[in-house]
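Have a look at the structure below before the remarks.
Chain lettering (A, B, C and D) follows the sequence in which the chains are written, and residue indices restart at 1 in each chain.
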Amino acid sequence: MTKIKLGMVGGGSGAFIGAIHRVAARLDDQFELVAGALSADPNKAKQSAAELGIEPTRCYLDYRDMAEAEAARSDGITAVSIVTPNHLHFPIAEAFLQAGIHVICDKPMTCSLQEALSLQTLATRSGKLFVLTHNYSAYPMIRQARQMVSEGILGRLRLVQVEYAQDWLTTATENSGNKQAAWRTDPRRSGPAGCLGDIGTHAFNLATFVSGLQVEQVSAELTSFVENRILDDNVHAMLRFEQGVRGMLWSSQVAPGNENGLRIRVYGSDGGLEWAQEQPNQLIYSPFAQPSRILSRAGYGYQSGSPHLVRTPAGHPEGYLEGFANLYQETAQAIRLCAAGKSPTEIFANSLLPGVKQGVEGLQFINAMLFSSQNNGQWTALENGHEAS
Amino acid sequence: MTKIKLGMVGGGSGAFIGAIHRVAARLDDQFELVAGALSADPNKAKQSAAELGIEPTRCYLDYRDMAEAEAARSDGITAVSIVTPNHLHFPIAEAFLQAGIHVICDKPMTCSLQEALSLQTLATRSGKLFVLTHNYSAYPMIRQARQMVSEGILGRLRLVQVEYAQDWLTTATENSGNKQAAWRTDPRRSGPAGCLGDIGTHAFNLATFVSGLQVEQVSAELTSFVENRILDDNVHAMLRFEQGVRGMLWSSQVAPGNENGLRIRVYGSDGGLEWAQEQPNQLIYSPFAQPSRILSRAGYGYQSGSPHLVRTPAGHPEGYLEGFANLYQETAQAIRLCAAGKSPTEIFANSLLPGVKQGVEGLQFINAMLFSSQNNGQWTALENGHEAS
Amino acid sequence: MTKIKLGMVGGGSGAFIGAIHRVAARLDDQFELVAGALSADPNKAKQSAAELGIEPTRCYLDYRDMAEAEAARSDGITAVSIVTPNHLHFPIAEAFLQAGIHVICDKPMTCSLQEALSLQTLATRSGKLFVLTHNYSAYPMIRQARQMVSEGILGRLRLVQVEYAQDWLTTATENSGNKQAAWRTDPRRSGPAGCLGDIGTHAFNLATFVSGLQVEQVSAELTSFVENRILDDNVHAMLRFEQGVRGMLWSSQVAPGNENGLRIRVYGSDGGLEWAQEQPNQLIYSPFAQPSRILSRAGYGYQSGSPHLVRTPAGHPEGYLEGFANLYQETAQAIRLCAAGKSPTEIFANSLLPGVKQGVEGLQFINAMLFSSQNNGQWTALENGHEAS
Amino acid sequence: MTKIKLGMVGGGSGAFIGAIHRVAARLDDQFELVAGALSADPNKAKQSAAELGIEPTRCYLDYRDMAEAEAARSDGITAVSIVTPNHLHFPIAEAFLQAGIHVICDKPMTCSLQEALSLQTLATRSGKLFVLTHNYSAYPMIRQARQMVSEGILGRLRLVQVEYAQDWLTTATENSGNKQAAWRTDPRRSGPAGCLGDIGTHAFNLATFVSGLQVEQVSAELTSFVENRILDDNVHAMLRFEQGVRGMLWSSQVAPGNENGLRIRVYGSDGGLEWAQEQPNQLIYSPFAQPSRILSRAGYGYQSGSPHLVRTPAGHPEGYLEGFANLYQETAQAIRLCAAGKSPTEIFANSLLPGVKQGVEGLQFINAMLFSSQNNGQWTALENGHEAS
């Protein structure tokens, strides 16, 4: 099977998430990285391209040039991965979609709801795929959880408790030369949401993915605990889902002892499920009035409809990179279907890939949370009327 | 050392919490059960007394008679344990305090804030001890946690996440002959709070005990998920503590897979702590930027100021009954101090025993939660102005 | 129900195991401590008796006097608990059995197999009960495990992996004033087995209790890791059970990080079980080719034939003291049956109480282990021919 | 950096371990698969090559042709991965080493000690690298463990407890069409060791890797529990390491509930370590007389000398594939050093890569275990005198 030609914008040497995307793209051997605008710094861009085996002629200094040039080549890239800081996602995605190139974009999709809605229109019109890398939704046991919920194994859903706790911003590390911390706590580069935008959106996405339900309203309290920090570093919220389901969301970057503590629990009239990202290969299933069961990835009792995601047998742990690679694998499949004539709309309707829809929802969530918190926790609908301030 | 003569109201044969109190009283050999009004049913009262080795003459059919008669005896009881349904706590406590007998009372203290305030006045005037059995605050590792917080080991406190999840009311078991379920879901016998009063108050008490802080305001959403159930079976709340500390509280009786899932996590500028009631002998301590440590009851690194609570060496698990017995042990000590001339006020000020203060706070919490939930989550102060409806 | 009158030999103030026995006897309110020879030191004996509410006239300085005097009283003790150092178990048990008093004895039963066999004869002839407190066999989930094995739920048994690891003898603490360490590492007071006798016998007993099988042969390697320590502080063994079942046993007192790490795993053709003493309220059951299940004490799926051992609901942890109390509770029942005319033989045959049989087996095990280790791991039968040297 | 040209023998479509090797080789982008003799079945070989993007001219039907042809090409492969059944490892390795091509070989190295010794000689003479994929030794926390031991953080080492338990051979699945089971239980294809060779050798390798010590003697008991199975499916052994260190090894494929339960615990005079493969990102470190600490991959307190193995931050789990890829990454580095003139001897001396030395030790271990088991557990030295029968 021919590999899909991939480009990348951002992700020069030393970048964290760019390297993750490259491993994810490589893992299942479906993509080949052939072009890049890897850094705003020309020297770094060239050096990074050389390290990655990208030919000098396909090492670009500007993403607009790249979109244009690659679209013009007969062997040009079919898809591009966008791994820049958030505020550049929109213009870059726009450039490539307009050039007829599929886009794989890191989250959050954009810095404002308005941009998100524009991108939604743009993507729809383009006939190209826009994939948003909400990677946690692609862990095998999360897929298993979603499937169990959708099959009604938990009965009528009632509760969704989700949390995402980290500790790396416990102190004002943004003032000590930590670049990741610096831009994530800076409203000019991150927009109005701090912890909320960085990891709160992952928790939100996971809650809707597993439950299969929309969040209708939120009541939120955002806090900045570290002195002089402008953006929130802790997020508390109560959630009202459709169908009367209720939930809570906690995300924090000031909770010592939590490395990457994403965790979800869902409960229905007939049972409960519990999953934690740091032990992703197991899912605790508690049928009501029976002993709890430990379901394991690829193990006995694993019934996932995603057999293509099983690379290793039960007991051979897969982790973060494999979860991320699952999105790339499914993107490859989507690109091939698109090439075979299916429309993106059709493809997304029949897949679990996150796309612009999830991106728009993420921004609606951010805005509603900010509005609620600024209004003393007022219950706030997730709609387009609230633009963050 | 002479054993303290103890009476009991409620707790006839078959009762759950009465038996727990008796084991707790017996465990450390400080009390001797010599009198009781164990049941409203005369036959059951007599049979229960006989089984417990209480002399027939000290088996009472009415708690008022018991208070009077025991107060009149030279060898009368020094203290009484009240283990009846909630709505009787107040009149019984009143009767015994007025008779000059110390009271040990199961929680919640009363069914209304008004009664709680009356009881507070009454207890203060009586010169007798009123102990409220918030047993979870007497687990050794909870004592250790409180001590670490109070010594500033976590730095400046920021977050308190507390939860108490059970699953036994997942279905309408109150309609199937389960008596515990029947009275707990019946507003006439339980008052206006269901899950909130039954276990939410434990979670609240634990949060304030460990943090050493008052909750100033709550924003709540109470839900009844089971059809035709009147009282709440799920509680969601955001908490505002004094000193800018923030928190969340979740309590539920409809979360399948949770037996008695009381759990607390607290985070400060210098570290975090995590404890779960179902594994009560360990406390996870995460000093910021260092590996997490597993502190164990009576083990290395255990520095608790409560050495009197250590009955077995590290690795020999103590549990629920031992935790409950800790309250009785400290009550015995308090009674002896009282007999030696210390005032209850002085005694409570120098002990960790829960009393009327915690009882009043519990009712304030219940009322504020009900008010907030009835007012769409409005942030509501814990004060005496909100009487539940 | 009248309480059983109990005496105690050993267990003066400050002693560890004596206090444990007293709590265990008290917990379920079946015993009343009325007599004692609590210490070889007369002053300590008197003071201890006073603290425990034992009348001065029933505070003895010599166990022989006590046996005689109590046997002569119309209100004399029915049973005695022996909690002295090991080498005194035999003569004390002999004195009380001959006086017609039931004996509850801490383990190991005696210091030599010869004494054990004598005691077996003596006990059988006496018509009285001899109960050996192998307390770990009375944990509810261990009872559940034994029952599941005996009902064939695991299919044909194949493997028993048992271990008991501690760390308190990692250094030469016996030279630093630790009295517990001093006598346990001294062959004159402990006999020829160190860690083997102290905790290895518990592991051995648990393995035979859960499996319901005899160990036929052992191949052992005993080691003393701490310089100048004479007795073993680490025990490695392979086990051959009857019916072709195989196993391993590890016990150690020099394994840092292990507080009281008794753990057993058994596997058969149809499933496996796993239990750890430090989390005694759960038992992992893995039916072959199905997800593992978490069985909990008193929880869903708990089918134990020992409902009398359930004091608290699921999720309310019971621990070491409750497990120990289970033996006392069952002993009380046995004593009542004996009083009602059943023979000890009959009673033991219909109960799970450990007695002289388990005591003799324990000594056979110790001797075979010592012999094997002294003979370079030679497979050695558990029979009466090997007396330890 | 130019990618290293890699060939593969074995690993046609549907094969498990071949696919693992390919992902591992790809993960860090150091290798490029350009040639293969992927199957003995010509059609399958061609189809597999096509699927993997190998040019038809470099798809070979015989490994000897491949070795010859690739050696002759100016762009021929630099290294080959051998992922065939065990009995073919030797002749294939021989062919490629003689052709001057580096060899990466799955374990066990050969089926007999004699072959292993021949291969050792051969490899030494060839001047080429022979890497044996004992992948578990390349998990980051295992590297951390080894480093801590070697730095003396545990003090003087005393104990090594290692186990590797699975359950997939609990029933006679070899008779039901499971091909993996069929050849692994067939002495003609697997040699004389069943579970011992398949996973016991991994446990043995891990024990020596972490401790840094040689096993001098073993006392073993091998068992076949499943009816009519010829090879062992359960392995029990006691181990004598150099320097007086003692240990136990259990490996089993008939232990229901164990998916891939490789676990190691090591204890010294100053502390202990505990690691389990199914949660590979954490290592429990217990300094004596202090609380246990949870060390995490890339987290606080992680001091590993292998920073090149950190692909994701703490809390973002890496697993089996990443561990395997670590070996490929280090092999790539070794190949580049070799190209730069370093000798294999020098390279292995300064790396943690497993090679022929570990292969020979593995066969010595297997033979000594078989001899001991056949001689009633006789302590048996790991030397070249015991050839398995």
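The rule is short, and it goes like this: a residue touches a chain if its C-beta (ideal position, glycine included) is under 8 Å from a C-beta of that chain, and two chains touch if they have at least 3 such contacts.
Keep in mind it's a predicted model, so treat the numbers as computed, not measured.
Relative to subunit C, the chain whose mean Cα position lies farthest away is A.
Chain pair with the larger contact count among A-B and B-D is A-B, by C-beta pairs in contact.
A separation of 36 Å divides the Cα centre of subunit A from that of subunit D. A separation of 43 Å divides the Cα centre of subunit A from that of subunit B. With centres set at the average Cα position, the gap from subunit B to subunit D is 56 Å. For subunit A, the set of residues that touch two or more other chains comprises 258, 289, 292, 296, 299. If you check the complex, the residues on subunit A that touch subunit D are 1, 3, 16, 19-20, 22-23, 26-29, 51-53, 166, 258-261, 277-281, 296, 299, 311-322.
On the subunit A side of its complex with subunit C, the touching residues are 285, 289-296, 299-301.
The touching residues of subunit C, counted against subunit D in their complex, run 154, 158-159, 161, 167, 170-171, 219, 221, 223, 225, 234, 236-238, 240, 246-248, 250, 252, 254-258, 265, 267-272, 274, 284, 286-289, 292, 376-377, 379.
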